[in-house]
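Per-chain residue numbering starts at 1, and chain names A, B, C and D are given in the order in which the chains are listed.
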Amino acid sequence: MSSEFGKNLRVSVFGESHGNGIGVVVNGFPAGESVDMDRLLYFMSRRAPGSSKLTTQRKEADLPEFLSGIRDGVLTGSPFAAVIRNTNQRSGDYKGFEDTPRPSHADYTAAVKWNGAADMRGGGHFSGRLTAPLCAAGGIAIQILARRGIRIAAHLANIGGIADEPFPVFPDVDLFDELNAMMFPLIDAQKAPLMQQLIQQAADEGDSVGGEIECAAIGLPAGLGDPMFEGVESLLSAALFGIPGVKGVSFGSGFDCVSMRGSEHNDPFVVVNGKVQTETNNSGGIQGGITNGMPLIVHAAMKPTASIAQPQRTVSLSRMEETKISVHGRHDPCIAIRAVPVVEAVMALVLLDLLS
Amino acid sequence: MSSEFGKNLRVSVFGESHGNGIGVVVNGFPAGESVDMDRLLYFMSRRAPGSSKLTTQRKEADLPEFLSGIRDGVLTGSPFAAVIRNTNQRSGDYKGFEDTPRPSHADYTAAVKWNGAADMRGGGHFSGRLTAPLCAAGGIAIQILARRGIRIAAHLANIGGIADEPFPVFPDVDLFDELNAMMFPLIDAQKAPLMQQLIQQAADEGDSVGGEIECAAIGLPAGLGDPMFEGVESLLSAALFGIPGVKGVSFGSGFDCVSMRGSEHNDPFVVVNGKVQTETNNSGGIQGGITNGMPLIVHAAMKPTASIAQPQRTVSLSRMEETKISVHGRHDPCIAIRAVPVVEAVMALVLLDLLS
Amino acid sequence: MSSEFGKNLRVSVFGESHGNGIGVVVNGFPAGESVDMDRLLYFMSRRAPGSSKLTTQRKEADLPEFLSGIRDGVLTGSPFAAVIRNTNQRSGDYKGFEDTPRPSHADYTAAVKWNGAADMRGGGHFSGRLTAPLCAAGGIAIQILARRGIRIAAHLANIGGIADEPFPVFPDVDLFDELNAMMFPLIDAQKAPLMQQLIQQAADEGDSVGGEIECAAIGLPAGLGDPMFEGVESLLSAALFGIPGVKGVSFGSGFDCVSMRGSEHNDPFVVVNGKVQTETNNSGGIQGGITNGMPLIVHAAMKPTASIAQPQRTVSLSRMEETKISVHGRHDPCIAIRAVPVVEAVMALVLLDLLS
Amino acid sequence: MSSEFGKNLRVSVFGESHGNGIGVVVNGFPAGESVDMDRLLYFMSRRAPGSSKLTTQRKEADLPEFLSGIRDGVLTGSPFAAVIRNTNQRSGDYKGFEDTPRPSHADYTAAVKWNGAADMRGGGHFSGRLTAPLCAAGGIAIQILARRGIRIAAHLANIGGIADEPFPVFPDVDLFDELNAMMFPLIDAQKAPLMQQLIQQAADEGDSVGGEIECAAIGLPAGLGDPMFEGVESLLSAALFGIPGVKGVSFGSGFDCVSMRGSEHNDPFVVVNGKVQTETNNSGGIQGGITNGMPLIVHAAMKPTASIAQPQRTVSLSRMEETKISVHGRHDPCIAIRAVPVVEAVMALVLLDLLS
């Protein structure tokens, strides 16, 4: 099995939620690029639990220690390795899930796959916590891309049915700066109270809500990606479905294309300032798997957090009989919020791979 | 670049629409499995143009010639290679697209990527025609899986906004047999006239419509797939986005999860006949990237055919000025129909890889 | 299983000796490069049987048909596919080897691996014939590299114990031109009669002899390849051991280094015309897996042809008892001769991959 | 770039000699296997410096810390990660090598490849020290294989021209036990004094000597490996050339096959106790890339240590003029000795991958 992705930039994530540590190894980071640690830690803090009242209150220091591939803040060309210690495990919270698997968690499938040997405390290798090292790697990729004129931003396109504005056809850099600075990133900030109320209400009821993230990259050259199975969609979707909780990935018009006519969906080519562009961007910046120079637009649907306090029906695997379970502890009522920087990180790593 | 996918079962598709031939090489087909040619040709005929009034009337013999890996109808273990000759090219139909790229086609991105060297006649390597060899390989994988108790079927879940019934939580084999036998596969056959009328109307107007395909696999063991980036969703989505026209891929509840509560979305575990199952299947048969033994459910959104007769705005790349284009010829007004067996083929190849 | 190699340039070889055809698919050939067909066919003819009295007299037309990836002699960027028809099969020659496997052939291992389903007529997928499509792909890579100032040549460094001169530390292009033009390539042409006599004598006795090929590339930039497992040695050796009959691969000093002192083996750095070079080249142009700008030197040991007319001891698998076998037919008494262009082809494909 | 190898068992090595730490991540270790820590540490100690008077006297604790993939001594199925801290760096020893590269080291190629950003203190990522985490992973693989009846052993086949006895055609387990227990493993222990005298003499003269390692695996089933480029030779050689200092890899008869006749080289099939075997083993246990059930025999040529105290000619890259260098510090006068367990480790990891 392989918790890895990438071709010329290989990203390998390891760790279990309640083991000694989690981390990431990246083969292929370009040598000589410097890493701004403050910016990296800020980026990682957007993913960290406790970043707002609406995210889990578990405390994770989550400070990455760099083991190799970087010296005096500059990437050396050798494999990059970063480790985050696990210091705040409360395994007691998770006791018993090995026999009574939490609904819609990986407790059951891991038990079957690894014959009971899996260390599933805290979700084990399937924990959302594994996205922290992913953000350490992705945060570096974001800095490298920015130096090449490529910017990435994402927002909460939808929370529990309440939609934010979509990205405009030609988003500008200011919007990206703003979104990158928000813990609850929205294009239409007025939607925040409504969304947060919905989340708070679910939390109060021991429940959770789903969300959709829209992520964009601007400044990309045309011609990235390959036809068919190594197209940009293929590479990005494979990496994005690696984020726990993602149930759907789409590009440009996404599933809305189903109800559209070709005359409406096709993006007319136009010439603007001597450059070929498209007037609309239903293609999401990709045609035939290859970037066309327009903003790259991807959507990820995040399911409602599976860990909820409400009692749920499950089974005891040892007794093979039905029972009930309540998952206590400090869980995000909406995992989509903290997943925003994770989606950005994955996007950055895939794009840097394509540029390598 | 790499028109390939798979790990222990490697599928490599080659060819250009108007070159000498298209084909597929598969490394890793299990030795000793027999191939029922009649069933294979029937399966491929479901993808073939002209299979119904609503699909393109271009004629393609599309009979695959087997070059290696099969002897007297039995797979030998060596790389499998099949070639389909291109005999019916009408390159005249496509003249000029190299200078005036068709909106939402790969004409422009291929021109940029390959500096004008691409052979884009008939869509070149990006043509939907490349799905024919994919079906030759996938049709064989379907036969192998069936011998192992694994069945695959798909239907037109939505055409232009008109929805079919979804798969029930526990679809039975009879439903799979029925769907496999239909050229316009629907669970609720009464939806056919409405959908077909919609398509015909679009065709009459020189336009096209989008569609959504829902594909299911039953009989899968629990425990297939790996966590994170080699989960079933990652592998399947990467392969499905290789099908021309796919804009979105989702599993189980898909993008609907965005509006759901955790208490509603979580699939309760139950014991039925001494076996662990889930009562609902919002997980789409996958938890943590790993199959849980429930039906595997995937959705693919297919955009409306980009080739339409209606005049569209494009640019002349040589003159860098705007112009108009009409794409004549015999194009499917709804590519989703013929894509149904293609999605089944890809599903089968990915699953056989996971079982290898 | 996977008869493939490469990363950004993927080479996939298929076919069985007595099936319908053999061929190669290459993903990643650079678009826009032209192919000189005469030079390609000449290159392939060096590998063809019957090229000299000392090679097998079986006749193979071995003309490749290009199916895709090339148009009017120019590579298009799409996957390149070439097929060679099998027209001269004399399966009768090979009858019985499925029950009484030829010593040191793959008859036995293929039978075990594929449970008797393998098509081993003529050696099946393990036949030296599979190197013909490899040469079709490699011959194109050689032309592309030459345009970038990189030249490749090989010679018969040793036949049955008779050694040719090794490459000088700084071989010039003229030597490469000469070697490329020879069917029995030697640096010291005076060794030809001795070697050929040895081969002829073995042939007369129904026997065969081994050989060693030394292959060099000049004009390479420093900095190609990666440390550890994706170093130049790793990539080249993995591909070279894919050639049937190769028993050893070494670089620079190779196995001679075992008897050397460090003071003797280390290559002193010197400055020549303002450029860093090494005075000797025991490193074979590679240090730490990475090219240093010196000639890249690789050696391949080719075992004596396993198919010999002399009676040999084998077993009947069905009766599980010992018996004897004589392998008649037209076999090269020294496979190293025809393997020279194959080694060059593999070298070129690996180098082009590293440059992609 | 990618310091990784393997397919279903992926091994990724990271670290720089004088960075914070070195380590290994393994994806695909089978869940539920226990790890005997004492045996693992003993295995690692065979590679550790200072294990004998003839190896470097630098002290490395080299105790691996396990970060994930193992719980209470049992592999969990998740990615396995182990880290070894760097505590004993003496960077002063290496000062200046960035400007005056050590002959036959990677100082120069790394400087060119990574434009001076490489951290080459102590050899950086190219240091033999990186083989410590490789042994941590390989030592676990060895334990898993032993439970499946597969044993691995290696010996010093040749030191500076003095040859040990080769493995017999059918080595028994006792020999493997003996070799596994020796720090200076020889089949003919009487050769030890001669070899050690040779090494000591070279060390006294500030020089070093080369060596050859022969490694064998017994208990393998027939049928492992695939034809052509994923044959056992291809996989093993690619991994072995990742070990610093390896200049050649061969199987069975190796380069000796060059001087042999086919009648002499072919391994006759015989039936022994109802099982098919070969009487000789020039094939090294592999035919057509696939194991035949005989002992797997591989040879690796290790060059003499490049770091020697004798003054050597090199250049100053900044001044582009020739100068001299002496590499002081505690270097092994014969790296082959400590490389013995490394070769065993690599062999075990590749075989476990093939069995996965």
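Worth pointing out:
Quick note on the criterion: a contact is a pair of C-beta atoms (placed from the backbone, for glycine too) under 8 Å apart; a residue touches a chain by one contact, two chains touch by 3 or more.
What you are looking at is a predicted structure, and each value in this text was computed from that prediction instead of being measured.
Counted as hops between touching chains, the shortest connection from subunit A to subunit D is 1. Of the two chain pairs examined here, A-B and A-C, it is A-B that is joined by more C-beta pairs in contact.
Each chain gets one centre point, the mean of its Cα atoms, and the points for subunit A and subunit B are 27 Å apart. With centres defined as mean CA coordinates, subunit C is found 39 Å away from subunit B.
Chain geometry summary: the mean Cα position of subunit A and that of subunit C are 46 Å apart. Annotation for subunit D: residues 1-4, 13, 78, 110, 113, 125, 227 touch two or more other chains. Remark: subunit B residues 1-4, 8, 10, 12-16, 19-23, 25, 27-28, 31-32, 65-69, 71, 74-81, 83, 110, 113-119, 124-125 touch subunit C in the complex. The touching residues of subunit D, when paired with subunit B in their complex, are 7-8, 78, 227. Contact residues of subunit B toward subunit A in the complex are 1-5, 11, 13, 101, 103-106, 108-110, 112-113, 125-126, 130, 158-161, 202, 207-212, 222-223, 226-231, 233-235, 237-239, 241-242, 244, 246-255, 257-271, 274, 276, 278-279, 282-284, 286-293, 299, 301-308, 310, 312-315, 317, 320-322.
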